[in-house]
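Shared between the two complexes below is chain A, which pairs with chain B and chain C, respectively.
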Partner chain A sequence: MVLFHCPDKISQKIRERGEGSKEPGSMRDKILNFLVFLLPLLLVLIILYGMLFWTFYISVSNWRGTSPNYEFVGLKWYRMMFRLDRFWVDVKNNLKWLVVGVGPTLFIALLIAYLLEISSLRGFETYIRTLILYPAAMSFIVTGTVWSWMYQPDRGVLNTIWRFLHLDFLQSGYITDPKTATYWLVLIFVWQYLGISVIILQSSFRTTELKEMIESALIDGASRMRILFQVILPNIRGGLLILGGLLIISALKVFDIVYIVTFGGPGYSTDVLAFFMFIATFQQHLVSLGAGLSVVIFLMAFIVVVPYTVYAFRRWFS
Partner chain B sequence: MKRGLTILVIMALLVGTIFAARQLIIFHWWTAGGEREAADAMFDVFKCKHPDVEIVENPVAGGGGVSLRVVLQSRLAAGIPPDTWQTLGGAELKSYVDGGYLVPLDDLWNELDYASVIPKPLANAVTIEGHHYTIPLNMHIQNILYYNKKLFKELGLKPPKTYSELIEVAKKIKNAKPGMSPLALGTKEKWEAAFVFDSILLEVGGPEYYVKLYKGEIDVRKDPNFKKALQMFKELIPYIYPYHSTLTWDESCGLVVSGDAAMVLMGTWAIGYFKTRGWEPGKDFDAVTFPQKPERILLFHPDTYGLAKGAPHPDVAMDWLRTVASKAFQVRTDVTQGGLFARIDIDPCFFPDPIRKELQNYVRNHPDKLILDQHGSIAPFSFTQSYWDVIAGFLSDPNVDRTISSVADMFELYSVKEEAAWYKWP
Partner chain C sequence: MRSRSKRTIAFLAIITAVVLSIAYLLPIYVMITTSLKTPYEITQRTYLIPSTDVHFENYTKAFSLIKNAMLNSIIVSGTVTVISSFFGGLSGFYLSRFRSKFSKVLFILVGIALYLPYQAILIPLVQFMAKTKLALTYAGMIMSYTFLNVPLASILMGTFFMSIPREIEEAAEMDGATKRQIFFRIVSPMAMPGYASTAILVFTQVWNEFLLALTLSTPSTTTLQVKLAEVKGSFVALYNLQMAAAIIGVIVPIAFFLLLGRYFIRGILAGALKG
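This part shows the complex of A and B:
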C-alpha cells in the first residue's frame, strides 16, 4: 500500500484534472489505474511465482536425461539428494558463506564509513571512496579471474610478494587447500561488496539529526568509539537492515565466484548449492535433482530472509 | 502507389530468398583457437561440394561443450532442434537417443558401407540397440603420455610405458631437478584426474576389467583391483604438480612447455596445444601411449554428427553427413583439429606429426584395441561427472577406504549397470 501512495501535490493535480474534464471520471481512472498495474502484477505472478511452482513440480517428477518426463515420483530425488555427500558439503559451504561473508563485510564497511565521515581523512574522502567503489563496478567474472591470479600458489601475486619480503611463513596453498579454500573465496566476496556497503552506510550517516547528535556528542567530549557504538549505530538501523538483506541474498545465491575461481574444486570441497544445481541439471542431466536443489536454495533463502524482513520492517516502522 | 509496389517487390524478394536458401543449422563447440580453424576447414570442404548451402552456426564458446549443452538441451526440449549437432559417442549420444532426438542412420551407413571402413569399437560407440545413430568423424585418444624430449635426452631417460617405469622416471627427474614436478596435471575441470587414474586401472586390471568396471558389473567394495589402483594412484601423488586444482588441461600442458613439469598425460588434442606454443612434435616433445602393459589399449572417444528428429532441413543435413563420412573431409578436419581419422582406409601419412602417424598405423593394424574413454564414456553422464569429482578430490585427500565406499555408492545411486548395458566390447 505504501508503494501506491501518491505524494499530495501529484494527487492534487490529478484531482484538478479530473474536475476540469466534463465527466468526473473516477470510475475510468480506477479502471485505468487497474490496467496500468495489471501488467506488472501479471508479470510477477506468472514469471516469478509460476516458475517457482514449476520448479517445485519438476523436483517431484522424474525428469532425468534430455527429454522432459513429468511422471510424479514424490520425494524420490530429495531422498537421493540427502544421500549425497556432496549435498551436505554444499549446505555447510553455503552456511560458511552466510556467516563469514555477511558479518565481516558489515563490520568492516561500518568502520570504513565511520572513518571517512568522522576522522581527519575527510579531505581525501572522495579519492578513497572511488578507490573502494572500484571493485563494485567490476563483474564477478573479472574479479574472479583477477583473484585466481592472486591466489595461484606458484606464481600468484600473493605468494610472490611474501617470498620477496622473506615472509615465507605467510605462503599458503590458498584455493588449492580443501580445508581453507572456501574462506579464500569468501574473501573475494567481502572485497567485492565492501564498496557498495560503505556507500550505503555513509548515506545513512548523513541525516541532519544524526549529524547534530554527533556534533553535540563531540562537544560533550565522548570518545570516537563511543560515538560509533552508542550514537551512530542505534540511529542507522534502516541502512544496516537494507545492507544486511542485500548481503544475505547475495551470499546465498553465490555461483559465479565458485564457477570462475575453483569450479567447485579441489574435488567438490568449495562447491555450493547453486553450482551443484548447474552441474546436476546441465552436466549430469538429472533435471529433477537440479530442480530439487533449487527448491532447497529457495527454502534456505526463505528461512533466512523472511524472519529478517519481518524483523527489519518492525524495527523500521516502530 | 509506386511506393506500395516497391515494398511489395522487396517483400517478394525477401520471401523468395528465405525459401530458396538451403540452410544447414549446426551446433558445434569448436570455437576456441586451433579448433576454430578445424571448424572452418570442415565447412570449407562442405561448401566446396554444396556451394548453395548457407551454414548457420550457433557456436557457443567453451571447450568440451559445457556451455553448448546448456543451449542445446533447452532448444531440444523446446522442440526447435538444429539440423545436426556435435556429440561425443557413448553415454552422451545415448542420452540424446533416449530422449528421442535423433533419427537412426542405418540406411546411410549401408549406403556408405561405413561399418567396414571404421574400427568396430568405434562403430559400437555410436550404435545403440542395433541402430547406428551418428557419423563419427574422428577419434581422440585419451591415454597418451607426453614428455619433454630434450630433458629426457639430457637425463638419459626412456619414456615410461608401465606404472613402475613411470615411478622410476619420476624419481630420477625429482632427484635431478628438485624444482620440477615430474608429472603435470590440471584438475580444475576434474576429468583430467580420471585420465591418470584410468591408465592405472587399465594396467592393474586389463581391458576386460576396465570395461566391466564402467559397465557397473564389479562390486567395487570387495574388488582388490580398484583398491590396488587407488593405492598406486596415492603413491604417485608426490610426483604430481601440487597445485593442480587451479589449472585447466591446457594450462597443465603449459607447465611442460615452461619447464615446470616433465610429463603430462593428456589426449591427442594436446598436440595442437604444444604446436601453438611453438613446440615441434618429435623434436621438442614426444609421446607414448600409457600404459602398454598388459596390452597396448587406446582409450578413445569420437566426435560425431547425427540427424535431428524434426530437423528443419533434413536433405541438407543428409548431404552434410555424407560429407562428414568422406575421406576429403576427415583428412582436412582431423589433421587441423588433433584427433585420428575415423576411417582406417585413409593413409596415416597425411598426418604431419610422427605421433599421430604412429597411432593411426597402430589403429589400422589393431582396430580392436580401442575402448571408450571418460568423455565418450561407457558409464552414464550422471555417474562420470560425480566420479571425476571424487577422483580429483582423492588427490587432495587420499583416503582409500572412503573413496572406495563413495564410488561404490555412486555405482548404485546412478544405476550404472542398467544405464551402461548398451555397450558392447570387444
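This part shows the complex of A and C:
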C-alpha cells in the first residue's frame, strides 16, 4: 500500500527523466549507483586500511633515519621496544589513564545523569548540561593551556587559591611532581569528557521500558539509590558499553594533553605510548620503532572496538 | 516520605550545581582575567581579582600571532567539512538502504575505521604527503582529514537516514525514481538537520585536531592548534598572551556550540550510539 505520494513536481521530473536505460534495475542504473554511493567510501576504506597495513609493514622493516628502508627484519624493533624501560613506563601510564580516566568518569557521569533525570528543579538540567558540555567544543590544546596555568606550582591558580584560603596543606607540585603528575593530566581528561558522558547516559535512560520499570519500582516504594543500582544499571548495559568503549579508546590514544602540559616530563614520568610514538618517529627518526608502537596502540584499541562494532552492527541490521 | 526524598534530591541538586559551577567556570574565569593583565600583575599573585586596568592589547598581540594559522584552520576545516559531509551522505545512504552481505562487511570496516587511532596510519600518511609534496599545500591536509572523517560522517548520516520514514521513498520508487533521484531530491533535503549535525561535529573535530596537524603542517599551512601550542611553548611565562590566544582560538567552536547546541548534541549521540 502506498501511504505517501511524491510531491507532484518531483515525481513529474522523475518521470520525465526516468526513461530508457536509466530505469531502476537496469545495468546502467546499477553501475551509476555503485559509482555514486559506493565508490567514494570504498576508496576511503582502501586508503585507510592500506595505510594501516603499511604501518604494520614498516614495523617489521628496518627504517631508521629520514629516508625509508623497507628491508624486512622481522620482530627486531618489537624486541627492542620490549627491552626499553620507557616502553614499560608508558604501558603503566596508559593503564593509569584507563583506570583513573574511565571508571571515575563513568561513575560521576552516572550520578549526575541520574540526578538530572529525577530532579524537578527548574532550569537545573539545561544549566548543568551547558555547563559541563562546553569543554567538548574545545581542543585539548586549549584546555591543556588553561590547566597548565591552573597547575603551575609557583604562581599558578590553584596554589594561589589555597594560599588565599589559608589551606596551604592543599598546595601541591601538581604536574611537576613525577609521582602524581599523570593523575593531574587524567583529571583534565575527566573534566573534558564528563559532559559528553552525561548526555550519552541520559539518552540511554530514556527508553520507554526503563521508564515503566522505574515507575513500578517507585510505586513499590524502592529508594532512589536502589532504583539506580538495581533497576537502571542492569538495563543500560548498552549505553555503558558504548560510553565505556568511547572513553577507553580516547584514553588509550591520548596525546595532546601530554604534549601540551608536560611534554612527557618530568623525565618521562608522564609519557604515554602515543607520545613516545611521536617522539620515536619524528624526533629520533626510529621510524620502525614508532610504527611498532602504533601497532601496539592500534591493537589495544582494536580489542575495545570489536565488541563495540559488533553491538552497533546488531542494532544497525536488526 | 515522598516530600522528604524530594527535598533531599533538591539539596543534592544544589550541591552538585555549586560544585560543578566552580569546576567548570573557574577555568573560564581564570582565562578571561589572566588575559587582561600584564605579566607584572601576574607575578604579584593578585591576578584573580579583576582590576579596572584592563589590557586589551594582549588580544591584539595574540591575534596578530595566530591570525594566519586561524585562516588556515578555517580553510582546511571548512573544506573538509563540506567534502566529508557530502561523501558521508552518499555512503550513509548506501549503508542504510542497500542491504546485502557486502554492505554488512562494509559496515564492520567502517565501524573499525571510525575509531582508528590516528597513530595507526600517521607514518604512511605523512610519508605519502611528503613524497608527493602535497604536504606543502592545503590539499595534503584536506585530503588527510577527509580520509579520516568520511567514516564518521557516513555513520552519522546513515543513522539520520534510518530515522526517516521509508514510505515516501517507496512511493517514489513505485513512480520509477532511481536511488540517486531519491537520495538527492527526497532523502537529502529531509535529512538537512542530520547534515547540520554531521557538519558541526566534523568541523569541531578537524578544528581541534592536533597530532596530524603537528606532523603534517608546514610553516605556510600551520593550523590554529599547532600555533597555539607554539605560543604556549615560546611565551612560557606570558600567561596573559597564552590565555588571550586560547580565547580567540575557541571562539569559533564555542559559538557553534552555543548557537547550534541542539545539533551538536544530536551529533554526539548519533556518533556514540552508531544507530
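Everything that follows uses one rule, which is that the second predicted complex is superposed on the first by the 257 of 318 C-alpha atoms of A that agree within 3 Å, B and C clash if a C-alpha of one lies under 4 Å from a C-alpha of the other, contacts with A are read in each partner's own complex, and residues count from 1 in each chain.
We adopt the following convention: a residue touches a chain if its C-beta (ideal position, glycine included) is under 8 Å from a C-beta of that chain, and two chains touch if they have at least 3 such contacts.
From a predicted model like this one, the values you see are computed outputs, not experimental measurements.
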Winner on chain A touched-residue count between chain B and chain C: chain C
Thinking of the overlay built on chain A, is A:80 touched by chain B (first), by chain C (second), by both, or by neither?
first
Contacts for A:203 in the overlay, against chain B (first) and chain C (second): which applies, first, second, both or neither?
second
Name the contact category of A:136: first (chain B only), second (chain C only), both, or neither.
second
Thinking of the overlay built on chain A, is A:267 touched by chain B (first), by chain C (second), by both, or by neither?
first
First (chain B), second (chain C), both or neither: which does A:148 touch?
both
For A:68, decide between first (touching chain B), second (touching chain C), both and neither.
both
So, does A:51 touch the first partner chain B, the second partner chain C, both, or neither?
second
Please work out whether A:31 is in contact with chain B alone, chain C alone, both, or neither, and reply first, second, both or neither.
neither
Looking at A:286, would you say it contacts chain B, chain C, both, or neither? Reply first, second, both or neither.
first
Residues of chain A at both interfaces, chain B in one complex, chain C in the other
68, 148, 152, 282
Residue ranges of chain A touching chain B (in the complex, touch as defined)
64-68, 80, 83-86, 148, 151-154, 173, 175-178, 262-269, 279, 282-286
Flag every residue of chain A that touches chain C in the complex, lowest number first.
2-6, 10-11, 13-15, 17-18, 22-24, 29, 32-33, 36-38, 40-42, 44-45, 47-52, 54-55, 58, 68, 112, 115, 118-121, 124, 127-128, 130-143, 145-150, 152, 155, 157, 160-161, 163-164, 191, 196, 199-200, 203, 223-224, 242-243, 245-246, 249, 252-253, 255-256, 259-260, 274, 277-278, 281-282, 287, 290-291, 293-295, 297-298, 301-302, 304-306, 308-309, 312-313, 315-317
Quick one: in the complex, what on chain B touches chain A?
66, 69-70, 73, 76-77, 95-96, 98-101, 187-190, 242-246, 260, 381-382, 385-386, 389-390, 392-397, 406, 409, 413
Please name which positions on chain C make contact with chain A in the complex.
5-6, 9-10, 12-14, 16-17, 20-21, 23-27, 30-31, 34, 42-43, 45, 47-48, 87, 90-91, 93-95, 98-99, 104, 106-113, 115-125, 127-128, 146-148, 150-151, 154, 158, 162, 165, 167-168, 170-181, 183, 185-186, 204, 207-211, 214-215, 225, 228-229, 232, 239, 242-243, 246, 249-250, 253-254, 256-258, 261, 264-265, 268-269, 272-275
